[in-house]
Each structure stands twice: as C-alpha cells, then as structure tokens.
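Shared between the two complexes below is chain A, which pairs with chain B and chain C, respectively.
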Partner chain A sequence: MEMQLSDVGTVRKIVLAGRLDTTGVDHVETKFGAAIVPGGKATVVDLTQVSFLASMGIRMLITTTRALSRKGAKLAIYGAMPGVMEVIETTALSDIIPVAGTESEAIAIVTG
Partner chain B sequence: MNAPPTPSWNPPGPMGGLLLTEFIGKTLHLVLGNTLGSVLDGRREIQRHYELRLYDPGVVNRLDVIFEELISNIIRHGFSPGSNQSISVLVADRPGLIELTLEDDGTPFNPLAASEPEPLRDLETAPIGGLGISLVRKLAADVRYERPGAGNGGFAPANRIIVTIAT
Partner chain C sequence: MQTEQEHTQVVTFARNIDVALESRLHCLELVDGFGIGRRHIVGRAGASIGRTEPAQIILTDSEVSRNHCRLAIEGGQLMVTDLKSTNGTFVDGVRVEGPTPLPVGAVLRVGRQSLKHEWRTHREIQQSEELDRDLEKANSYVQALLPAMNAEGPIRSDWVYQPCAKLGGDAFGYGVLSDTKFAVYLIDVSGHGAGAAMHSVAVMNLLRQRTFLPNTDLTQPAQVLTTLNSMFPMDINAGMYFTMWYGVYDKITRRLDFASAGHHPAYLVPADRGAAAPLRTRNGMIGTMPETTYRADSAEVPPGASLYLFSDGVFEIVTIDGVQWGLGDFLPALVKPPVEGLSEAKRLLAEVNRIARPGGLDDDFSLVVLTFD
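Take a look at the complex of A and B:
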C-alpha cells in the first residue's frame, strides 16, 4: 500500500495505491491520519489506484474523516474503480463521506 | 445441504500462512495457519488454482472481499496469538454459485448471531465495528454458520461458515 501527499491550492490531496485490506491498512493508516488530521485542511483522496477495499479500509476512512470534521474541514474521495465502488455503495459509505467521480468534483465538494 | 466433507489432515507444525493446498475431487482445499499473512497466501492460491478468469470481475471481487473479511476475522478474533490453530478452506463450483466453506478450530463463535451495525447516518455516530460481517452478508447470496461435529485426522473444527456467491 503506497501513499502520496500533495497540496492543490488550499486543498490537501492524498493518492492511495494498492489494496486497502487488513495488511494494507496496517501499513498506511498511521501515515494517512498524520497527513490529514493535524493540518485540518480540506482534503481529497484519490482512489483511482486502489484495487481493493474491505471493512478495515472503510473504518480508516471513517475515523480519519471524523477526526478532520471535528476540526471543521471536509474530506471527499474520488475515482473509485467498480469493485471498490461496490463496497462503498454496499456499506452506504457515501451517506457520510462524499464520493466524487473526479478530482475537480471532489475539490468543489470540500471547498464548497 | 449436507455438511461438506472434512478432509483428513494433521495439525501443522511451525506456523506459516499456507499450510496445505490440494484438490478433493474438483474442490480446492487449503489449510491456512494463524497469521494474517494467510489472507494473502490463501487469496494467491485461489487465484492460482481456481479458474477465476472465467468469472465476471465483480464476482471475483466479491469472493475476494468475503475471503478477506472472514479469514482476517477468524485470525484476529477467534485464534490465540501464536497458537497452532488453523483454518480449512474449501472452494467449490456449484450451479450458478461459488461455494466457500471455512472451518476453524478457534473459539466457538457464530458471527451471524450478532445484530447488524446501525446504518451509517452521520460521521459522529457511524459505527466502525461489525462492518466486515455486514459486508459479507450483503455481498453473498447466502451465509450459514454451523457447529461441526467431531473432526477427524486430528483437526477438530469448532466453527463452520458456508458462503455462496452468485456467479
């Protein structure tokens, strides 16, 4: 599981690549939270290179988005592939975390 | 449906991820050890020996998610750390279905007896526990739990979960 961090204007952008399974989340969860929560910036998470999502990944997204929300900032995810999107839809994750198709849509959501 | 055949094999020695791969007729049988590496090893063996290329990618993803959730759940919650406990996995073709049967000798526990987690309504109250089993229930065509009888060949399973995935 790999993670890249950058800023797009005032928005933090995280690119995840690999499998968000038990092993992948163990590997990336601390870095993911540390890259997002302390800064308290609006954040978008690029899932285009995430090939697999299971409940541990859902949990990581919820806990990080919750912590960021307590600082008054939003997080949106975008670019999910069909298998990942099926898990997002099955768990109704999009009811609490905005899901966008593209980076620009996600940025519009978190800065709106 | 009758209980699946319990293969005869002996408990493993030093723990590893993948302990055994064999075919019982056309059914793929794996034995996985008490390590989270078993999830990856088991998935690789299913991909290697089972003709997943014949299935729709959505079916393969559902099998992958269900396998990940159930195996990791058994190892994290049903096994004692460092023990020689193990999981027997059977993967079989059924008409219109893939059938996945898991038996383990961990703590007797029926994960299907737990109530469904509350729906995700807002960030502050969203539950983060129980999502895995809920996901299995929703992605599978059917999920059943059984208490197996006495095993044979030295393996005494305490739990059996049978999951079918529509193809």
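Take a look at the complex of A and C:
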C-alpha cells in the first residue's frame, strides 16, 4: 500500500495505491492520519488505484474522517473501482463519508 | 556456613537460567505472505529455505523454488546465499546471489513471503509461545459458545467456523426464541485477533442471555440492530465496528423477518436449487452512526429451502491465479447440488479452499446453513 500526498489549492489530496487490507493499512495508517488530521484542511482521497478494500481499510477511512470533522473539515473519497464500490455500497459507507466519481466532484463536496 | 553455601549455589543456579533465557537466537519472522507472525529459528547449523522438503524452512508458495536459498551463521552474522532460484532472493528489496549479510531488522524476501531477521532472547520466544497458547484457550472458549448443529428436526443446522488468525472477529448463533419463533444471526467485527474476538464475544453473550435491554423485542430484527448500535458505538470500542445480519423465522407463517447492518446479503435457496434469492436491507454498520434506526424486511420461506448466512471471508479470497474474488464470483457455488456425505457448509469450505491460493485464507471464514421443513 502506497500513499502520495499533495495539495490542490487549499484542499489536501491523498492518493492511495494497492490493497487496503490489514497489511496495507498497517503500512500507511499512521502516515495517513498524520497527513490529514493535524492540518485540519478539506481533504479528498483518490481510490482509483486501490484494488481491494477490507474492514481495516474502512475503519481507517472512518476514524480519519471523524477526527477531521471534529476540526470542522470534510473528507470525501472518489474514483473507486467496481469491486471497491461494491464494498462501499454493502457497508453503506457513503452515509458516513461522501463518495464522488471524480476528483473535481470530491473537491466540490469538501469545499462546499 | 552451610546456609551461605546453599544461598550461593541458589544464586549461581538462578544466574545460569537467566543467561540461558537472555541468550539470543536468530529468528526469521514472517511479516508479509501466508501465515504472518510465524517464526522460524535459525540454529548454528544454518538452514535452507524452499517450497518443499528437504528444505528446513518450508514456505508453501508457488513462487518459491524447491531449493531457494541457504542461511548460515558466520562470525555471529546471518548470511544468505541464493541457490539459483527462479524468482530470486532479495534483502531489503535488493536482489542477492553470493553470500550476503542479512542484518538484524532487514527483510528477506523469497517469492511472496517476506521474513524479517530478528534477534530474540529465549525469554521473548517463550513469552510469545505462551501468548499463542492463551490465544488457543480463548479460541476454545469462543468455539464453546457456538451453537450445536442439528441434522434432524424442522430446522436443520450446519456451520463452519474457521478464524484465519488464532482468534477471529466473526461470531454467529441461532436458536428458538419461543414455540413459534427461531432466530439466527451472524456478526463480523472489523479486524481479527484478540480485540475483535472479545468484541464479538461480548455481543454473542448479550444475545445468548436473552435478557438484553428492556424495550427490545428479540423477535424484531430492526429493534435488535438499533439497540446494539446504541450500545456499541465505535468511539468507545477502540474504533471497532461490526456488520451484522439478524433474522427471525416464524414456523406458523413461514415468514423470515430480517435486517442487516452493513452486511452483504444472506441467500435463500429453494429445494430445487433453482436460484439464490438475496436477503438484505441497506443499513449502516453497527457502531458507526449513533441514533440510527434500522430498517427490516421479510421473505417467505418455501418448504425445503435453505438459508446461507456467511461472513465476507468466505468469498473475499485471492485465487490460485491471483484474482481477487467478490461476492458474485462465489454465488454459483451456492446453488450447486449438495454432495453426498458432505454437509453444505463443508462442501462450500472445500470449494473455496480448492480455488484459493495456498497459504490459508486471508480472513475469518464463517458460514451457517439452515434448512427449513
């Protein structure tokens, strides 16, 4: 599991690549939280290169989203592959974290 | 004088034990691959690594050669030599050939298996083995809470419970609520291991006790999920949430009321194995959203139909060809005809094991099959 961090204007952008399973989450969880929560900025997370999303990955996304929202900022995920989208729908994750199709839609959600 | 001598002897004896316990061994511990956490100790004679015997450290991975590499201890250092393996031997990502040092903390990769070189005391190894034994005991406790299988009667039951680590985060149960009502449920706590298992046991015990909370009718799936959601918020449970499927069958009306929380469907397969009808309601996972009211639905159970209720570890496998399966890939196996002499749950376990890549399944495998007269 790889992670890349950048900024799009005032919005923080995180790109995740690989499998978001127990091992993958172990590798990135601390960096992921550290890249997002302390800054307290609107954040979008690119899932286009995430091939698999398991419960530990969902947990990481939820806890980071909630920590960020306590600082008054929003997080949205976008670009999920069909297999990952199926998991997002089964778990009704979009009720907790906004799910967008593209980066610009995600940015609109977190800055709106 | 006698006492002093005895005292000295006792102290010396204790010191010898301390030295033995504190002396260190070269260990290779699996940090990625099949069977994470497994420890191999490399003694003074060294060890060979390969896919099969006569290798001393056997790693069942098609990408590991039969004689892949050899480890030797020279001058206190662990050295690794590639034995002209097909896919190479790597130390911290760099391919190696001739004798190369493998420092403490470095990761040796062969095939899909990554092994970290640790230098552990006997004491640490003993403690970790004791912990493994404790986990075995805890697993027996969880197993003891699972319901009995019934091959006879108006509702026949069958299941497989196979946690992937020593302790799983899955749990399930079923049983009569009254003369006419029969309940069945399955929960899947995020993660596995001791924390998740304790969480699932807490929920299981609550449901087993039936006393539960006032204002919760156990025959009403929506109420049960709503109450559990209010009792187990993830913020006070180390960030753990769980998915759940809960159903109540009425023997008189043949109606199955059910509600699911972030869980994939359970499937109702008629006696003629014609199709698998998905049973699911869209609700959030338990513990993730406070103050949620859950929605339920119901279905009619035809005579002879079977209900298949399972965790995602049953279908989220990686196949021998390296393909990640989803629910849709598993469904055809559900409706296949039963196999003589093999229970339905065991048949499906065998099917999944046959297709999955070697090294054990990646997640807890829990599957319950109920067949209704």
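The working rule: the second predicted complex is superposed on the first by the 112 of 112 C-alpha atoms of A that agree within 3 Å, B and C clash if a C-alpha of one lies under 4 Å from a C-alpha of the other, contacts with A are read in each partner's own complex, and residues count from 1 in each chain.
The criterion applied here is as follows: a residue touches a chain if its C-beta (ideal position, glycine included) is under 8 Å from a C-beta of that chain, and two chains touch if they have at least 3 such contacts.
Every value quoted in this text rests on a predicted model; they were computed, and no experiment measured them.
On the superposed chain A, the two partners chain B and chain C do not both fit; they clash. By the touch criterion defined above, A:96 lies against chain B and chain C together after alignment on the C-alpha atoms of chain A. Contacts of A:23 after superposition: both chain B and chain C are touched. Touch counts on chain A: comparing chain C and chain B, the chain ahead is B.
In the superposition on chain A, A:34 makes contact with neither chain B nor chain C. Once chain A of one complex is fitted onto chain A of the other, the partner contacts of A:65 are limited to chain B, with no touch recorded for chain C. Overlap of the chain B and chain C contact sets on chain A: residues 21-23, 52, 54-56, 58-59, 62-63, 66, 83, 86, 90-92, 95-96. Against chain A, the residues of chain C that register as touching in their complex are 32, 36, 188, 190-192, 234-235, 239-241, 243, 262-264, 282-285, 288-289, 312, 316, 324, 326-327, 362-363. If you check the complex, the residues on chain A that touch chain B are 21-23, 26, 52-56, 58-59, 62-63, 65-66, 69, 82-83, 86-87, 90-93, 95-97. Per the touch definition, chain A reaches chain C in the complex via residues 21-23, 51-52, 54-56, 58-59, 62-63, 66, 83, 86, 90-92, 95-96. In the complex of the two chains, the chain B residues touching chain A come out as 36-37, 39-40, 57-58, 61-62, 64-65, 68-69, 72, 76, 119-124, 126, 128, 131-132, 134-135, 138-139.
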